[in-house]
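Letters A, B, C, D, E, F, G and H mark the chains in the order given here, with residues in each chain numbered from 1 onward.
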Amino acid sequence: MEEFLSLIIEKYNYWIYITLMMIGLYAMIAKNNLVKKIVGMNIFQTAVILFYVSTGVKKGATIPIIEHGHDVAHQAVRAADYINPLPHVLMLTAIVVSVATLGVALAIAIKVYHRYLSLEEDEILEQIRGL
Amino acid sequence: MSEHYPALLVILPLLASFFISAAGWLRPVYCFPLAVAALGSSLLVSLGVLGDVISGGPVSYWMGGWPPPWGIYYRVDYLNALVLAVVSAVGFVNLIAARPSVEKDFPEKAGPFYTLYVLFVTGLLGMVATGDAFNLYVLLEIAAITGYALIALGKGRAALSSLHYVFLGTIGACFYLLGVGYLYIITGSLNMEDIARLLPPLYDSKVVTVAFAILMVGVWLKMGFFPLHAWLPNAYTYAPSPVSSLVAPLMTKVMVYVMIRMVLTVFTVDFAFLVLRLNEVVVWLAVIAIVMGSLLALAEKDVKRMLTFIVVAEVGYMVGGFWLGNQAGFTGAVLHILNDALMTLCLFLAVGNIVHVKGDSRWESLPGLFRTMPWTMGALVVGALSIIGVPPTCGFFSKWYLLLGAIQGGHYGFLLALLFSSLVSVVLFFRIFEIGFFEPFGASHGSAHGEGGPAIQEAPLGMLVPLWMTALGLILVGLYTGEIVGRVIRHAVPGMML
Amino acid sequence: MLVSLGVVPILISSRNANVREAWTFGAAGLKFLIILSMLPTVLEGRELVCTVVEVLPGVALRLRVDALGMLFALVASSLWIITSAYSIGYMRGLDEHSQTRYFCFFALALSATIGAAFSANLFTLYLFYEMLSFATYPLVTHHQDAEARRSGRKYLLYIVGTSIGLVLPAMVISYHLSGTLEFSGQGFLPRSTSPILLGVLLFMFLFGFAKAAIMPLHAWLPAAMVAPTPVSALLHAVAVVKVGVFSILRILTGVFGLDLLASLHLGTAVAYVAAFTIIVASLIALTQNEMKRLLAFSTIGQLSYIVLGAALLSPKGLMGGMVHIAMHAFGKITLFFCAGAIYVATGKKYISEMVGIGKRMPVTMAAFFIGALSIIGIPPGGGFLSKWYLVLGALQADQFPLLLVILVSSLLNAAYFIPIVYRAFFVGSQETNFPDTVSEAPIFCVAPLALTALISLALFFYPQPFLDLAQLAVQALLGETGK
Amino acid sequence: MKTLGLIIVGLVGAVLVSATVNFPPFGDPESPASLHVSPRYLEKTLEETAVPNAVTSVLADYRGFDTMFETTVIFCAGVACFLLLRVPRRRLPRPRQYRHRLTGLTFRIKEGGEVFLPLREFEPVDSIWTPHDFIIEKVCRYLIPFIQLFGLYVIAHGHHSPGGGFQGGVILGASIILLSVSHSLRTALKRMGEKISALFSPVGVFIFAGTGVLCLGLGYRFLDYQALATLLPVGPIMARSYGILLVEVGVGMAVMGTMVWIFKNLASRGRYDEGL
Amino acid sequence: MIWQLDLLILTLVVFCGIGAIMIRDLLGAAILFGAYSFMMCLLWAIMGAVDVAFTEASVGAGVSTVFFIAAVYHTTRRTKD
Amino acid sequence: MKKDAAPQPKLELPHYQEGKKSGSVYGATFILMMGVWILLSGKFDPFHLALGVLSSALVSYFSADLLFSGPLTGRTIRTFFGFLGYLPWLLYQILLSALHVLYLSFHPRMMELIDPQVLRFRSRLKSDLAQVTFANSITLTPGTITIYVNFHRDFSVHAIDRFSGEGLPGEMERRIARAFGEE
Amino acid sequence: MDDFFLGCSLFLGGLVMLSLYRGIFGPTVLDRMIGVNAIGTKTTVLLIFIGLLYHRLEMFVDIALAYALLNFIAVLAAARYLQKRKGLYERTY
Amino acid sequence: MVIDLIVIFCLAVGLIFFAGGTLGLLRFPDFYSRLHPAGKLDTMGSFLILLGSAIHQLFPLTLSTVLSGLKLMLIVVFVFLASPTATHAIVDAGFRAGLEPWKKGDPRR
């Protein structure tokens, strides 16, 4: 039991990213409203970002901006002191991608709305069938 | 200059896209020539790379001058040199064919259209050339976003279908990204070959297995592998015809390439075929994909939509062929990437011509087409024969290898599925030909010299020339299959499969 | 050599009817001449080989002229000339539509036939086989009406379905087993293959080449008779069905090899299938009223003679089968031409309506009579020779039941042909259905059919080239194995 | 659909959970992810690029190629929104409203009506009446220059503190969006026209890619900023630093232009007359 | 990495996410989605990813919520779920 | 259709004017921006200063007219200092009323204490800026929120209870008027 | 001192959670807006706390500043939506 | 240490303001009245906390710390500018949308 609890606590980030991912996925699959789906899509993407950033964490390390300057003596930088910057870089890209996707998706949603005057998928499909 | 080819391949169209975009605002007339120049030069470069690879083996290029595990690098080997050539060729040919319908359907948006077009091809080229797992994701998104926009440009349901594509495409891309993340968390690297080097001791870890699973699911989603194909038919059907003839031949094929690359280079064949032993399962999935794709195609009454289901079935060919896990199957799968790209291009271009003239591709608009659009229909026949697998069109040869692979691997289900889908394609296409040929019933029967009939009403020459280039390409590629296999694909076959 | 493949799509460009037909003649004549020019070489016992392109290792697009192929090509190309002439008459007589398309695909189909005749390996054969299937489709469905459509469907379903469903996998399996597809005298399949697999393969091939109309897969042939008569004549008497049979001959000899078949008794099995087809087809033919359907069933029966001949696995039988290709071709084409001529002249299709037609169209019906004789196998007709060899072959192979089959079927043939002739000539003029205005068909129709009838007769008296070729072919097949 | 969704979600979740158990411990400095590639970035960033912010140096230099495409993604999105939504101006004539500046009277011109008003005294207003809230307007007027300056600062100081081209670009774009939200879309359009914002994004990405091509032209590899040392009076390391700055400026421009562009398209549904 | 805060904010993030999905009003969902991105920004900051946090802050606060609202403005707030 | 809209120069409403650009405006903006830049940057090497000059110039080029709606005069500077003098008082007021609202929100029987009401009054402040300052000061002071200010400088203020609202407009307006030189 | 900051930040986190209640369950959109706006302010402060806990405040100040500047754009946009569309409730099914 | 005390005091008071604001946000009966604590007490609270932090980090009194202290104050300035405006925007929207203010005796909303 204790092990189980410690497992939960230790990997809390990972559990949460899975939870968020599932929320997003559920919204994308099961929600009826297109904008809701877009919200779900963004949550989904954020979950992946959360995962990546979690992989970069180092306990007891500081942010990946090297302390330097006149007051700090020039000494070899120890990598263990700084958080892994690589996931951050990757996730910057991922955030940008998610914003871009968001923009495009919303534009398409507007287009859809002005064709069918509805954002509800079932209503739209009904209209299509009725046509 | 030749050592910069792998970079130029992507950079030239990328730069051109900026100029096209700017030209769209300042001098719209220059958009099309710029796009042609961009993709043309990219085609030349990709052929150059292919030549380099054939003569001197794989080429690699360090972006920014940083060595591989730290920087991003491009690596062109036998496998992707071929795919690169295909992608740029298809992009180029289709671009030429796109012009008349762009000018007809959305003349005022030609600038952004060509921009996105070129960017789409750029994304695909980059995906094929890159040797970095994350870079692939970014390029994937470029191709995806441009794809969404281009597809949503169509009429009717296009926007809704495109939105669905956005959702499923995003899920797919995120799964891919997550899979790369799983690999990163246990290896610490993003470079494909570096990962492959670090992975073997970790084969037992569940993380690798799950990474593999989600990567595959992501890639399958993107390529429209059967149970995950839901977005594909609608998206490709309602897209404007120059777009569907761009996206349909390329997107799925490149994703198949990505799958092969992932299994081959990242996870290595040993893992996929020996540790996981997934091949049986996947081949059966492919069998289902082929059969279902064919059956669903039977139910359609719209040529374009029917073609999209054929694409679904063809994806099954390639996936199944690859997962057969033997040399013939692998050769067949890679060859089919090439052939299917050309075949689908040919068919979609032909349908594009029909849509251009008739405004629609449903069966109601087909009657009498053999008389009014003989050239288009002729090319359609060539493409159809290729899909059916009639020699000497190239479709036969990849099917040949796939069948051979199925027999070598003792996988008769796959064999039967292939034959079944060929038969179904016969039915499918000959239904179309019948309609185009027979209806309206005997309308011109008995007229003076039989040549009276309705006047010929063909698509513009700008669309016919690329179409026939493709159609002839089908036969040429078919005849040179031996060369292609012997010089290129043979070297790409991983050692274990030999 | 390559020019023989020179398909003549130049036809497409010609809009003028006369120029177009001149082209057709030119191409046909040219082709015939080329083939004829190769004849001496072949008769000397040499082979001409030409590799167009090596597509895959072991799979090349390769042409080879040997005796068997020569025989077939000779028949096909010579008949093309005649048929072209006939088509012109027929098409103009009925004022058909889309003649350009018609001639174009006609030429294409013939080229495919010649290609199949000269193909050096299974792959090339398959290629031309498929090409032929698709080239004949527009010909079969030339009328573009509902019936043509239906039979076109049937045609494709049978032909393409079997070729993709059976031949293709069989081919791949053969390739898998042996690594090559080249025909060779004693077959290329390794001897070590398991008999069951071989049997399965054999039947896949046998039924796969559905153009041969072996019994369960024969239904397309009567259906395809909706085509214009020259098409039925040439393609269904000569090109298409003969390609099917020819392919089976090739398979039996070139892929399996006679001794392999003999050692496994597979030949006998094939022979019995063929025999069954012969009898049943002849019986069905007896019940037919429509002229062309009758001829179609007759064809089905006759084709199986050829298969039977080959399946007997004896030199004489083989030779008989080969010669029968030629004999049957000339005989049957005459019959078809006659049917067509009658149709052009009177518009009648049914046998029951043809009472007394001999009075009005004496030349046509005389030719019909000669053709019928040839098919039945009564001496002045060329068919007698081939049947003779078949019988000898059956004797040689000690297959008395098959001998019986041949004889019985000949009787049946007689039973369905003679009444027609009888009714055409030997009825009183008061009973005739035809007014006086009906006379012979146009000269373009009549001349060819007279010519083929004469050739058919001539072949009885001077069959030497064909016999020589058949002899050579058999020698090539058995000579090597005989050692 | 709901149950199907739940089933799929459950399945995927189960798969992911099963893998998570085998992950290296969370936050472990000894995990492979922290040991294989990244140490070099941290240890060498100052020596090799003279940029203390490891994220920036990795983003713009070590993996600069990724970033170029990231910017291209944004550019794509901009073009995509334009392509999807923009309505050509000629289809527009519809009811318009003008307000007299001095009296505040608003009047409406019917569809198709043509009238020439002295524009100094009349201003066009949105068809849906919005209160002229000068409190918000005034405060935003004061804020916007500061936001812009801050955005530029963020771009320029990406080397030493968090931030960089992308963040700065977004902030710059947000300042224009703020103008639009607080005043009206028309004001924002007057300040930064459609053409300008649409040209900003390709030009920005072109600065990035052009830098790379410049390096290529100077005989180095693509995006190898060392090449700039041949043009600038600095050593190769500082050249990298300057190269990164140049690239960041390009990113900032592209992002700013694109964000504004997308916003305008979304907010006015491609009509560019009025909107949120 | 401040784990106590981390746990707290992670929990909040989940609440925000669920809220954004469940609210029967698209404008509300858009606003809550803004809150979601605030939380995410905090999370990145807690985990030491300052650049990511900065990006999320500027994007979430300045751009993506506005995009959402603009889209909702041109469509509808109505939603059935 | 066309309305006879004779301009009435007397009714000058500054906030409807577009900003005018003049050299002094650019200069002032530039100086202000440069100061903020130095505050933000904290780096004094020539490179960063040059960047700062560049950025400030850019911002002042693009947005100077947003910051100053008219040409810069001595009055503007006076106003600025007047405003600075007003701030401490405002802070004190905010603190006072914040404590009041804090008391309210912690009070167990809060519902009985509060008594929301909407106050309306007409301000005598003339300039735009002064009105904005006034409105924001009202809002910043807990317990009162400016709902709207209309064309005729009518203020509507929502007050949480009587105590919060009773001081309005009162002293605050006076002080603002003094600070902005409108006394 | 760090522990104190940590406590403060946790306390603030708790307050964020309470504000979130308003954000999620607020009866009208306006209530949600208030809730989220309040969260925004708290987030700014929390960012500063995180900076203090990392002892790298100068790095976090920029983020907080950006936040303070940009936070209200979303609120303004939402308010503008309401001003233009007039109506707190749209009929929901 | 005195400075620590000042800091702690600032922070504690700031937190109390925040707590009050949040509590008010939850407890007050309607939208208009909720704005009072939420919009304004938070502003006050953040002012105090930022002030406290600025003082705290001023310790090694160097140019950079002074500057970052000033930056913190800059945040305060912006918050003081932005917060009332946001509040005003919200309340204006609500008022124009036709939401009636709560009167004494009405039920809670």
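Definition applied: contacts are C-beta pairs under 8 Å (C-beta built on N, C-alpha and C of every residue); 3 or more make two chains touch, one makes a residue touch a chain.
In this text, all values refer to a predicted model and were calculated from it rather than measured experimentally.
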| item | value |
| --- | --- |
| Other chains in touch with both chain C and chain F | none |
| Far-end chain from chain D, centres as C-alpha averages | C |
| Centroid comparison with chain H (C-alpha atoms), farthest chain | C |
| For chain B paired with chain H, centre-to-centre distance based on mean C-alpha positions, whole Å | 57 |
| Whole-Å separation of chain centres (CA-atom averages), chain G against chain H | 11 |
| Inter-chain centre distance, chain C versus chain G - centres from mean C-alpha coordinates, in Å | 88 |
| For chain C paired with chain H, centre-to-centre distance based on mean C-alpha positions, whole Å | 98 |
| Multi-partner residues of chain D (at least 2 other chains) | 16, 21, 23, 27, 31, 33-34, 37-38, 41, 53, 55, 59, 63, 66, 70, 73, 76-77, 80-81, 84, 131, 133, 135-136, 139-140, 142-143, 146, 150, 154, 157, 160-163, 166-167, 171, 174, 177, 181, 262, 266, 269, 276 |
| Two or more partner chains touched - positions in chain B | 134, 138, 141, 145, 148-149, 152, 159, 184-185, 190 |
| Contacts with two or more other chains, residues of chain G listed in rising order | 33, 35, 54, 58-59, 62-63, 65-66, 69-71, 73, 76-78, 80-81, 83-85 |
| Of chain D, residues touching chain B in the complex | 15-16, 18-19, 21-24, 31-38, 40-41, 61-66, 68-70, 72-73, 75-77, 79-84, 86, 88, 195, 198-199, 201-203, 205-206, 209-210, 212-213, 216, 220-226 |
| Contact set on chain D toward chain E in their complex | 27, 53, 55-56, 59, 154, 162-164, 166-167, 170-171, 173-174, 177, 181, 259, 262-263, 266-267, 269, 275-276 |
| Residues of chain D defined as touching chain G within the complex | 126, 128, 130-131, 136, 140, 143, 146-147, 150, 154, 157, 161-163, 167, 171, 174, 177-178, 181-182, 276 |
| Residues on chain B engaged by chain D in the complex (per definition of touch) | 4, 7, 11, 14-15, 17-19, 21-22, 25, 61-66, 69-72, 108-109, 112-113, 115-116, 119, 122, 126, 132, 134-135, 138-139, 141-142, 145-146, 148-150, 152-153, 159, 182, 184-190, 198, 205-207, 209-211, 213-214 |
| Touch list for chain A against partner chain G, complex | 62-63, 65 |
